[in-house]
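There are two complexes below, and they share chain A, which is joined by chain B in the first and by chain C in the second.
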Partner chain A sequence: MIEKDEATLRAEQPVAQSRWTLVLSQGVPWAAWGWRAGLYLLFALLVLPPMAFVVWTSLKQGQAFSLAAYRDIFQSSEWPKLWQNTLVFALGSTAVAAGLGLLMAWLVERTDSLGRSGAYAAVFAGVAIPGMIRVIGWILLLAPKTGVVNLALSHWLGPGAPSVNVESMGGMILVEGLFWAPMAFLLLSGPIRHLDQGLEEAAITAGAARWRVHLLITWRLLAPSILSVMVLTFIRAIQGFEVPLFLGVPGNVPVIASSIYIGLQEAFVPDYATASAYGVLMLAFLFLVLGLYAYVTRHASRYQTVVGKGFRYQPTSLGRGRWIGGAVLWAIAVVQLLPALYMILASFLKTASIAQVGDSLTWANYQALLQFPGIVQSLVNSLIIGLLTATAAVLLALAVSWAMRWYGVHGLSSLVNLPLVFPGVVMSLAMLVMALRLPISLYGTIWIFVVAYLATFTPYALRYTQPALLQIHPELEEVARTGGVGQGVILTRLLLPLLRRALMGAWIFIFLISIRELAVASLLYTAHTQVIATQLLDMWVNGNLNVLSAFGTVITALGVGVGLLMWRLGGRGVQV
Partner chain B sequence: MSAQAKVWMGLAAALATALTACGGGTAAKSPSSSSSSGPSLPTSQAQLVAQAKQEGHLTFYTSLAGPVVGAIAQAFEKAYPGIKVSEYRAQDATLVSKALQEAQAGKNNWDVMETPAGDLLILQARGMLAPYTLPKDAQVPESLTWAASGGKVYGAADRVSYIGYGYNKTLVPAADVPKTLDDLLKPGLAGKVGIVSSTTGVRWVGAVVHQLGLQQAQAFLAKVKAQHWNVQSISGAAEMDLIAAGQLPSSVTIFNDHEAQQAKKGAPVGWIPLEPVVANVGLVMLDNKAPDPAAAQLFLQFLLGPKGQALLSQYHYVTPGEKVSFQYWVPERGITASQYQKDYAQWKQLFQSTFGQG
Partner chain C sequence: MLQVDRLVKRFGTVGAVNDVSFEVPEGSFFTLLGPSGCGKTTILRCIAGLERPEGGRIAIAGEEVFSPSRFVPPERRPIAMVFQSYAIWPHMTVFENAAFPLRYGRNRCHPKELRRRVESMLERVGLAEMSHRWATQLSGGQQQRLALARALLCEPKLLLLDEPLSNLDAKLRASLRNELKTFQRAFGVTAIYVTHDQSEALALSDHIAVLDRGRIQQIGTPRELYRHPANAFVAHFIGDATLIPGELQSDGKGIMTPLGRFETLGPTQAHAGSVLVCFRPESVRVSTQPPTQDIALPNTFSGIARSVDFLGDHLEVAVEAQSWRLKAHVPNSLPIQEGQELTLMVPQEGVIVVPSETDYSEEATPSQRVLNSR
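== the complex of A and B ==
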């Protein structure tokens, strides 16, 4: 008889299984569907009641139901202008973002332009620097009477000097377009990169003029991708909050999103019915846009750019234009960074809103920041909310992705992704009216933020976990199960190590957007539950520009640090 | 979607709908409209201070702007160590909106509120204020209190701020400084006047209506529209900062105290009580469900007493006992909450049609 040593004996022991994993691996029905049912229920509770409350509130006038709120909106003299402003703003921003994104993607993927890293610098700026900081930075630079650029022009050219007014529809379109240009670039890079030039070359060889080749082949093949980017940007612009609030309100360019906020915050007695009616109208319009998009792109498979054979890629030579291409890419990056850079400078000046030659730098603004009431509390609140939201969102997204993989629960995916259509301020309003009605103590606590953010940001976490899980062949799990390994061990010892990078990337991204998010937080905070974004907003409203510049710089530094971490983990494919 | 998934979706939606219906059917937790006598507090000052220190905290909501807010909090904390003051500053409409939401959610956050009387009217109508006895050392004339029953008050003024015309002396020549409303229409002031879009700006429009009557006010504001005034979504104090820094020549929504603070720092600024002058009577109010009632009582004693009044004077606020040489108008005096809201809505509409925002 061969004696076995202790290590061999240990290795031959079956893997210890908990009762729970035994149950799961044996596929006991109630356990197998119980957790899926739990996921459905959880997301139904996160997503559906807020939407239902918004609709319900819009129809409630006192104790009766009526359409009075909608009637008042449509009969109001402000409605045509509001609607027109919203559409013009969204369409204009879409054109700018898609145009810039397409230009960047073309220069990077199809030409030998120099300075291609400038495009990725622009992407990084978009991820790392909070939107509110960029908008306020633009105001400090280009406000009509007080912006430093306009003051400089007036100083050099006299009282009749032209001025650039960022608080206008044009300014709003440009700033919002710049916000989304990096995203458009990332989304268009892939299709442009994979476009088979063989099709174009064949057409040229057959005698087609170059302009006809581009018009009838190149752009037609790219049309679905471009349309997709434009629809996504259009939806984001309709949902936009910071630009309409900070630029549109002072510039007399109200849009629906800012009207919801102003109507509640600056009325003595909030009119929830009207605000909710605006929210419902926004949601209905966005669902219509998505439906139209789905109809228009139903034959998108005809325009596949990636083919299986004979793929040739040859960048177009720009000759001396390579330098111009590089200059364009870096100019876009600099424009993205400029507002934040000026804010950093302003944080060291005595008066944050101007920069005069000879002003000495000072730390006074940072000293004032340390003593500003509620600063520490807002930072602590944001960190806690960010930690809880990121952790919960990633775990839930992983569970949903796994359920989709093995049980095909695409309905669950639709439920989870539904809040992508919600404008942030409408989600905020929905959570507010729900919290005021339900007999649970949510309002006035940080938990209302966690619930709202979980509903809003889990779809973003899903964009990390789902593709990552898809890359792991199911065979790995099947083999492990066949060998008698329990589900818990499969998850912890097999899947998690392989998914670690994606999960960390998702966690950091959700954490980053949670701590700087404004629209959802805008109606939910109280004096004791301030977060970073609402603290910045209050500083702005109260005119504390010096302290705001210092605080904005601190937040930007935090965002850059976290953004660098994401960049290191995810490489150039960082999603915004 | 598989049949099983449809079943789960349906069940989840049904449960969510049921939850919504329960919450929707539940009457909103409206604050009671009946009057309240407020929390019972110790009768002796020593016991009051002891209870306040035990509470250890109070929340102060105010529409006061500028460094005075922090100064008040620090001075109180120094006078009563162990009681931390959390101050929250916003415009008066936002404060009332937040207070109403918090009460509806059963989360009374604030202990003491100091804002103009419009907020008092609305909160009192909803039974959210606790009446209190005026401190013995408070020198507040009866005309600047809002009476409750039993010799108590719902609010007493700790300061009066006057809205007038503030300007930068280097940017607005003396000859262009307006002396009447019509002087604002002079060509020399075109593009040189600002107005804030907050409650302060709306109240200024209300003052114009009060002075001229509605029709004439509309005609006047139509002419103002052609003067291309600069509208700012900031507080009056912040706008005064811009004037002092030379970035804005002048504004019709400047408080006398903010101008005095800048003048003391050496800024080339001036202020005139351009009629109609609106008086923002800052009233001190107590929440009848204050989380820290003893600390709140102590705070209002401080604010209305000699120390608080001296501090406000230091920041150039006119205290209730002081008289001024010009005529002013208190919009909230003698009207009900619903009338004030109706008037405010009318002024806001006029503001929006003239300046496009607010």
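== the complex of A and C ==
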């Protein structure tokens, strides 16, 4: 009897879960209706108008509607090249990121490799050091004529020495791939760790050859996870902004994201219609990719066994390869850190060249930085925007997950998550064209950043609050209700304390990514509303590389400081 | 103390509770018993106010807490609930957990009074020494006691218990079962208990309502349910039972079955035509004498011993009689071999007649039917 009961009980679980939501929506119909309507309205206002405005702008020629902007794009001679570059760049960096991530995950989870902490050092570097800093660091090291490594090569080997050019498609792919490798590692290590060894052993004991087992069982079971990581990286790379801008523009490798920005920056009269049309095309393409992915993975539950019990794997012994594995892991970590480390060094040099290291360490760059117009203001702006965005995003995410828990408004999450599809520069453009048409003056204030960041980053906060709230058993609240405790006390005395860590983690993470966001900010700033990322971009275009390195060092220190705080709060460091 | 009248609760189009009515007198221990999915937890949650029924009426201590025009939320009902998961708040100490309802709940009290009451309650449940530990450091049995202490501190008129023992191991379950009953008696609180475990229900309850598919099958004392099951479901669910279909004969006393004629002392007037003959394993008398013409006598039939399990004080013999399998409890002195032919007799007082109109007979073949029984 009891065995039978447990089996049926398990089968009943889904019913039980939907019951919670049904119940409360019936128990307090007005409250439920209010929550639902309020949140839908709020996010519809936050998410839909930018999208509508960018579509509308792309169709507007003067007073009339027309498809001229699209026609011009399709007829231009650059269009095929632009597409080809964008795709090659995205596919290449996907391959690099997924390959490195898989290698790291395999070494860490399935072998007795040494130096496994190297993988986590790489993850930390990936979170704490802003992407922009790493790109500029690579330029300082590997720019075709001025890069330190190339200077050194020609110094030692004479003219005609081989040189490494990071401002090329190859360089872009490697740098972007390195950006996303730690994320791929984190996302893949879970499935690899949880792969039930029994599934493989069953095949081996059935007499299958080991290579065949790997091919038919291991990789087959991991395929959905690998595919989803690749799709994610691919989308990230299509959305990528820093690498195409800093490496692709000087290297003459234009992709769509960078050409939207450059097209608007370089024209005397900005052509918003063409830029918006590019943006719409990107969005359409990304929706297509996501749709295809959803279609391909519609049977993914067949692989559900992958998320089995946490069997600790008998690690594969690498023998002497343990050292090689450790070296590989640490090499990846060092490569993540290297550009930032060199930038720190460069901030203490008089010139960009490393040749005079011995005699010319100086604080002068930092003094120059303090004198530099607008630096302090940009720091203050970024911190204020970061505080406002992080606080508002966490509160919104909490409200959304709370509403989803009690009132079952599941459609809301697709609305909240919609901005994840937006490339940063397209979000920036959309906010800009929207703000220019709004009766209130949003453009030219820091509020436009807060609104754009809020739309962009709230989905990340949801990644913290939703699972945290799910982990709190409904009975923990119900027992208080049956004891006569009101909803207010339940929220402040029970839920908030239980959610504290998740909320703090979300807050710090949003703060960290908002103070350094470049792509979303790129079209929204004015001379009076600089943030640190756009300030750095301005210095890159106009300024002295050593002063810029000093600024970069300050930003890196800020990032590492906040990152350490997040690390100490516990393993929920990186969210994607 | 509690009246539930024609309660109806649906989830979507699925009827979880259909037209359920019962009453619970003050101070008694009332159990809702049934297999999972029978709606017992849903009824409890409706009483608590955690679910909103579609129809019916619920009154606690004379006050109507639910009717089609009225819904009192859980926080304003004079109840307390102990959950299957215990729902101990992990970010608080034992003391804080127990004190929470007195601090923020329906019946708040002065801090001094609160300390005294919480401490004396923790003393009574044997958690006094642990009052400053984190609640997560408690063992399963201790968490269970804490959940009970917290619920009793609410001073409820009605204590609702949702399978509170099901997460514990068997030994602990038995000892806590006794504690639970002692506490309920000592505090004089009216308890509504939900379980799928019939032995728990029989041991604890003053009254039991047996539920299946959202309907009450029978309400009665444990003894009544065992001795006079109202239908085949109850007969199966409470204890072991063999059920043989038969036709009630015109004399009103005999039932013709494939195993011959059965006679009973119990009432048969309520039934007509096709009925089920029901008897318990301990009612079956077994003789190792080869069957003679005795088997022409009423209540007597022959069978073959298919398995013999030695259970200490008695033997449990699985018998095959024609295509029917049944269990018999036999004195352990009887030398029975597997495969041996036996003569079986069920005395008249051991024969219960139940109606056969349940859809039980459609689901199982004769031999399965007994295998499914307990």
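Definition applied: the second predicted complex is superposed on the first by the 524 of 576 C-alpha atoms of A that agree within 3 Å, B and C clash if a C-alpha of one lies under 4 Å from a C-alpha of the other, contacts with A are read in each partner's own complex, and residues count from 1 in each chain.
The definition used in the following text is that a residue touches a chain if its C-beta (ideal position, glycine included) is under 8 Å from a C-beta of that chain, and two chains touch if they have at least 3 such contacts.
Small disclaimer: the values here were computed from a predicted structure and weren't measured.
Engineer: Would you mind checking which one, chain B or chain C, touches more residues on chain A?
Structural biologist: Partner with more touched residues of chain A: B.
Engineer: For A:S317 in the superposed arrangement: first (chain B), second (chain C), both or neither?
Structural biologist: Neither: A:S317 stays clear of chain B and chain C.
Engineer: Identify the partner contact of A:L494: answer first if only chain B is touched, second if only chain C is, both if each is, neither if none is.
Structural biologist: Second partner only, chain C.
Engineer: Counting only touches as set out at the top, which of chain B and chain C does A:R481 meet: first, second, both, neither?
Structural biologist: Only chain C; A:R481 stays clear of chain B.
Engineer: When the two structures are overlaid on chain A, which partner does A:S66 contact: first (chain B), second (chain C), both, or neither?
Structural biologist: Neither partner.
Engineer: Answer with first, second, both or neither: which of chain B and chain C does A:T362 touch in the superposed model?
Structural biologist: A:T362 contacts neither chain B nor chain C.
Engineer: Could you look at A:T391 and tell me whether it touches chain B, chain C, both or neither (first, second, both, neither)?
Structural biologist: In the superposed model, A:T391 contacts neither chain B nor chain C.
Engineer: After superposition on the shared chain, which partner residues are touched by A:H473: those of chain B (first), chain C (second), both, or neither?
Structural biologist: second
Engineer: Should A:Q84 be classified as contacting the first partner (chain B), the second (chain C), both, or neither?
Structural biologist: Neither partner.
Engineer: Hey, which residues of chain C end up touching chain A in the complex?
Structural biologist: Interface residues on the chain C side: 11-12, 35-37, 45, 48-52, 71, 73-77, 79-85, 87, 89-91, 100-101, 104-107, 147, 150-151, 154, 160, 196-198, 374.
Engineer: Over in the complex, which chain A residues touch chain C? Could you list them?
Structural biologist: 1-2, 4-5, 8-9, 12, 15, 18-19, 22-23, 26-27, 473, 475-476, 478-486, 489, 493-494, 497-498
Engineer: Report the residues of chain A in contact with chain B in the complex, numbered from low to high.
Structural biologist: Contacts found on chain A: 33, 36-37, 40-41, 43-45, 48-49, 52-53, 56, 60, 78, 144-146, 151, 249-250, 252, 254, 264-270, 351, 353-354, 371, 373-374, 408-412, 415, 432, 434-439, 441-444, 526-528, 538, 540-545.
Engineer: How about chain B: which of its residues touch chain A in the complex?
Structural biologist: 1-2, 4-6, 8-9, 11-13, 15-17, 19-20, 22-24, 26, 28-29, 59, 61, 65, 69-70, 73, 86-94, 96-98, 100-102, 104-107, 109-110, 118-119, 122, 197-199, 230-235, 237-239, 241-242, 245, 247-248, 341, 344, 352, 355-358
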